[in-house]
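Chain lettering (A, B, C and D) follows the sequence in which the chains are written, and residue indices restart at 1 in each chain.
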Amino acid sequence: MIKAGIFGGTGYTGFELVKILQKHPSVEINFATSKSFAGQTLNEIYPSAPNLTLIDGDEAPLDSIDVAFLCLPHAAAAETAVKCLNAGVRVVDLSADFRIKDVDTYNNWYNHQHPAPHLLETAVYGLTECAREALPNTNLVATPGCYPTSILLPLMPILHSRYHIASPIIADAKSGISGAGRTPKQNTHFVEASNNFSPYKIGRTHRHLPEIEQVMNWWRPNSPQLIFSPHLLPVPRGILSTIYVTLNEAPNEAEVRELYGRYYQDESFVNVLPEGQLATLAHVTHTNKCVIGITVAGNSLILSSAIDNLQKGAAGQAVQNMNVMFGFDETSGLI
Amino acid sequence: MIKAGIFGGTGYTGFELVKILQKHPSVEINFATSKSFAGQTLNEIYPSAPNLTLIDGDEAPLDSIDVAFLCLPHAAAAETAVKCLNAGVRVVDLSADFRIKDVDTYNNWYNHQHPAPHLLETAVYGLTECAREALPNTNLVATPGCYPTSILLPLMPILHSRYHIASPIIADAKSGISGAGRTPKQNTHFVEASNNFSPYKIGRTHRHLPEIEQVMNWWRPNSPQLIFSPHLLPVPRGILSTIYVTLNEAPNEAEVRELYGRYYQDESFVNVLPEGQLATLAHVTHTNKCVIGITVAGNSLILSSAIDNLQKGAAGQAVQNMNVMFGFDETSGLI
Amino acid sequence: MIKAGIFGGTGYTGFELVKILQKHPSVEINFATSKSFAGQTLNEIYPSAPNLTLIDGDEAPLDSIDVAFLCLPHAAAAETAVKCLNAGVRVVDLSADFRIKDVDTYNNWYNHQHPAPHLLETAVYGLTECAREALPNTNLVATPGCYPTSILLPLMPILHSRYHIASPIIADAKSGISGAGRTPKQNTHFVEASNNFSPYKIGRTHRHLPEIEQVMNWWRPNSPQLIFSPHLLPVPRGILSTIYVTLNEAPNEAEVRELYGRYYQDESFVNVLPEGQLATLAHVTHTNKCVIGITVAGNSLILSSAIDNLQKGAAGQAVQNMNVMFGFDETSGLI
Amino acid sequence: MIKAGIFGGTGYTGFELVKILQKHPSVEINFATSKSFAGQTLNEIYPSAPNLTLIDGDEAPLDSIDVAFLCLPHAAAAETAVKCLNAGVRVVDLSADFRIKDVDTYNNWYNHQHPAPHLLETAVYGLTECAREALPNTNLVATPGCYPTSILLPLMPILHSRYHIASPIIADAKSGISGAGRTPKQNTHFVEASNNFSPYKIGRTHRHLPEIEQVMNWWRPNSPQLIFSPHLLPVPRGILSTIYVTLNEAPNEAEVRELYGRYYQDESFVNVLPEGQLATLAHVTHTNKCVIGITVAGNSLILSSAIDNLQKGAAGQAVQNMNVMFGFDETSGLI
């Protein structure tokens, strides 16, 4: 039984983490913090939450925990990570702070100086399916962004394959509204979001773009450019990405299926769907699963993928990473 | 062709008013005001709105208009009403400021001193169906609240009848989320409002209670007490009220139907539904209609009523009142 | 470890049961049946379901199971119950067949002759909170209807109290659309159900009325009449009931709270909410909980209650009953 | 004042047509037909509809109308068109029957023999913006499909330009659920469609593909191949298409904007959005508008377009075509 602290327990990701860890057989939540709600209980914020008193992050007893989950805004996360690591606490960060290796890229896209650039090199990029060897030996894991998870998992087999890919790869992604965070804004107002659907920051302008391209280039140097178009979808949770990969000749669908099937055959949380089935949110919401559908049309390979943005796209994958770090069964506490 | 100014053009009610007046054959919008968005155009706020530049309310040219619609917070509305009336502009107020005749009741429920109590007596309570005689001769009309409209129209015939009514009358009302206003709040966040349903201020605590009981007592002195339970419904617009009136003996349904049918037979915007049909939001959204369903069960008369809170519950009824004030066809510009 | 069979595994209730039992530490699902989908797997119907092959109910191996859950239409359920009982299998019925003790009442409301009236007397009405003594000794439990559960739990303490209650009690109930079943109908079409809200079978016409009144009269002979008004709510799951109990004098709120608090203090799945809090669907969806809010207004006691119709209103309570029948921890497998 | 008959008045498209024509200053609805509901009134089906008695299509008095709108299934539409034309009635068809010029293509994609291939040549493809010259002289217009309208309008300027386009063009389209028709199906059940999002018939398998490519090739012979991916969006109405056009070099955004701005400057129903704005459903629902957003990213031109599938995607464009056919103001009756 290890002990966990959750920094930033009141956002959607923090609350999802509480729900998962509550049922985890090997973890006990020692505390959850909140800047705005310190002193209140979590169920004053979420009626179905446990009666957990929130504490101020500055007063969190670091010596009482083995692992810290950081559901904090970027910059704040890095600062807390430093404190935790100095106190001997292993860190599962859910912010963007340790995802991008190149500090200039980070500084440009996130508009401030990285508070702890010396940690970038050792932080493990925690797309669990390709981080299993590194995780047990690290004290700092960067949980990937929700969109990157939904786009990288379906791209991994084809990028690792010998298929020649024409530029650009197009990822048309649609995210449920919890992806926009809990702070109420005009575009998340029920009256304006329901019955609506809208693209935003499309092309090459969303902060998840450099994160995705970084990993694509790890897997295939000189990867094609990515065109990434996020859309706001009127559902509470889930991301569906439709990804267009143009090859230099028409691929054989059976071969592609065989490539993907083999690639993910031993994975607990990645399912390649059988012929004729496409990814939908109904496959994955409230689970840590990623499902991948395969369609071939002309020279194009169309990958449809679905995840729950709060699970495999955030809290679920964070726990999956923690499981590997601490030597627990990788599926422990997860569905 | 008369000229209208809209004070507070950017809330949901203000925008609905713009949409109605744009198509009104006898009205031209001269200006719309906004505190927060002065200088911007309305379609920067609502993508489907016309390209109407918003002006500061303090700089509104009162001499250019015949009628002012006030979609302002209470207190601010009364202050603007005074200015307009002094400038010879007729006022259709959509706030709560002139609905309640008794200034102490108003002060208590709205927690401040009424800015213009001398106007309370002359203001006409604009439930159009019972205000037609007074409207042409007034310069100040108070458009009823959305819940009161949805509850008073179905209650009017029975309160005006000879049926003996046991205390209390119960109004279980469910409102779409636009009723909570455009300012984003936690409980109107899509993620928290969708898949949810919640009562609030139930019993005898909502500000619309004294307004409804005031009118009930005009119609039947010593009316029974009202228990009024509003609920937040995950739809953008519409109010459905289910109203329970217990009589001292089992009413004859045919007689009640005949009472209601006769009462509203000449009304353009109030429809008594045929036997076997109950009120639904689908009857009324995007129209100025109120539909009323009648059910008898034991000694209870159950009235179901539906309106669009932004139309008959606000902007639509405001225009209906203006039509009567200025001698236009009462249905002009309305559906 | 006991073995369970699910009859009618493809409806919303059957699928919810599969999800619960899959994670239950003491139960193994031996089979699930389906008339229309025999031979297919459950995940062909629900993409997130397990890969469970559905069998024809007539070919179900009754000797392989200890308990049968019946998620069948009425009449079919009673017939299957007889077969199971004859084969020595204990039965948790989720249909209406064994809820009503009086066979004439059943025949009238359900429009056919009860197929097994001799079982009515011994069947236990499984509102778990008041059936704990009888459950271990029965082989046949009738899981209450969803609306009855949401209305009876909040009524139980007041009916068992000494308060004098005026007639009628009014239950204004709102149910998510899964309550209407999985078969697609016009009123469950997304285009017609979203943005809509509608009452149906209000007054004294819904089949759950005699079930509720039967139990009310067990608890308080000569209970007041019930007016029961169901409404269709545009959410997938959850029931919120707002219940109006008029007393012969204004109740003291503290006393009522104390009555309810004491009554349910040891219950795992019934929570009486603290002052100022009302029941909402957000309290209960995806859990087996029932929450109850208390409001006093004049002589009226207003009880707001919320349950998940597929959990405490069906599959969850069925498992809770099974837990008690078989001597497991009552909360086993439930949240 | 001309007289219109609506064949198939009870589907979503037929009802939308009734709503538009009711307010049209130059058209009177003489009858609406229905196979399943003949003898009933339209407001028995749609509570907000007018009290219009539906007649059997076989008994429709063709001599009483000037124009027939066909909201019928394919094949049935062509057969009715023949009867109407023979009776001297002009036909606005909303089915797929006269959209595709090549009869073999039609037969293959629609799986039956075209009932009236001799009419294919003279039928006008009614994408109004490029059919204005032909419409006044035809008696038969084929209203384009909803997806084709949403994809062709944004593609028209670039296909008519000198830009070199790489293959394939990708259209990732998302449609509200009314696009799936009124007949209830499992995938349009509220419980299964809400909180979900799903691609279907993606790649080169949807029936609208040959229609779109036919028109693309009219505009630019040897147009690039189209990859067309429809998705089911949990909103009642609206289509948003995100279209990826890869050019052989990075386009200058100002030049592209100038091309599009000039192209559509005189159009009433096509709006090219200003820089920084993308198309959303909120721009267009309940209007006949198409809005187009322009984004340049690398060599890619990303066009976002939005229409209301029941208006510009069906009934609205049908009326727009009728307006041009009969010499009315093109915007008459439309918003």
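We adopt the following convention: a residue touches a chain if its C-beta (ideal position, glycine included) is under 8 Å from a C-beta of that chain, and two chains touch if they have at least 3 such contacts.
Just so you know, these numbers come straight off a predicted model, no measurement behind them.
Counted as hops between touching chains, the shortest connection from chain A to chain C is 1. The most distant chain from chain B, with centres taken as the mean of CA atoms, is A.
Once the centre of each chain is set as its mean CA position, chain B and chain C turn out to be 39 Å apart. Centres computed as Cα averages put chain B at a distance of 38 Å from chain D. Inter-chain spacing, taken between the CA centroids of chain C and chain D, is 46 Å. Of all residues in chain C, those that touch two or more other chains are 194-195, 234-237, 280, 282, 285. If you check the complex, the residues on chain C that touch chain A are 46-48, 195, 277, 280, 282-287, 289, 291. On chain C, the positions that touch chain D within their shared complex are 12, 176-178, 182, 184-186, 188-191, 193-195, 234-237.
Residues 167-168, 170, 172, 174, 192, 194-200, 202-205, 225, 227, 229, 231, 233-238, 240, 242, 244, 246, 278-282, 285, 293, 295-300, 302, 304 of chain B are the ones touching chain C in the complex.
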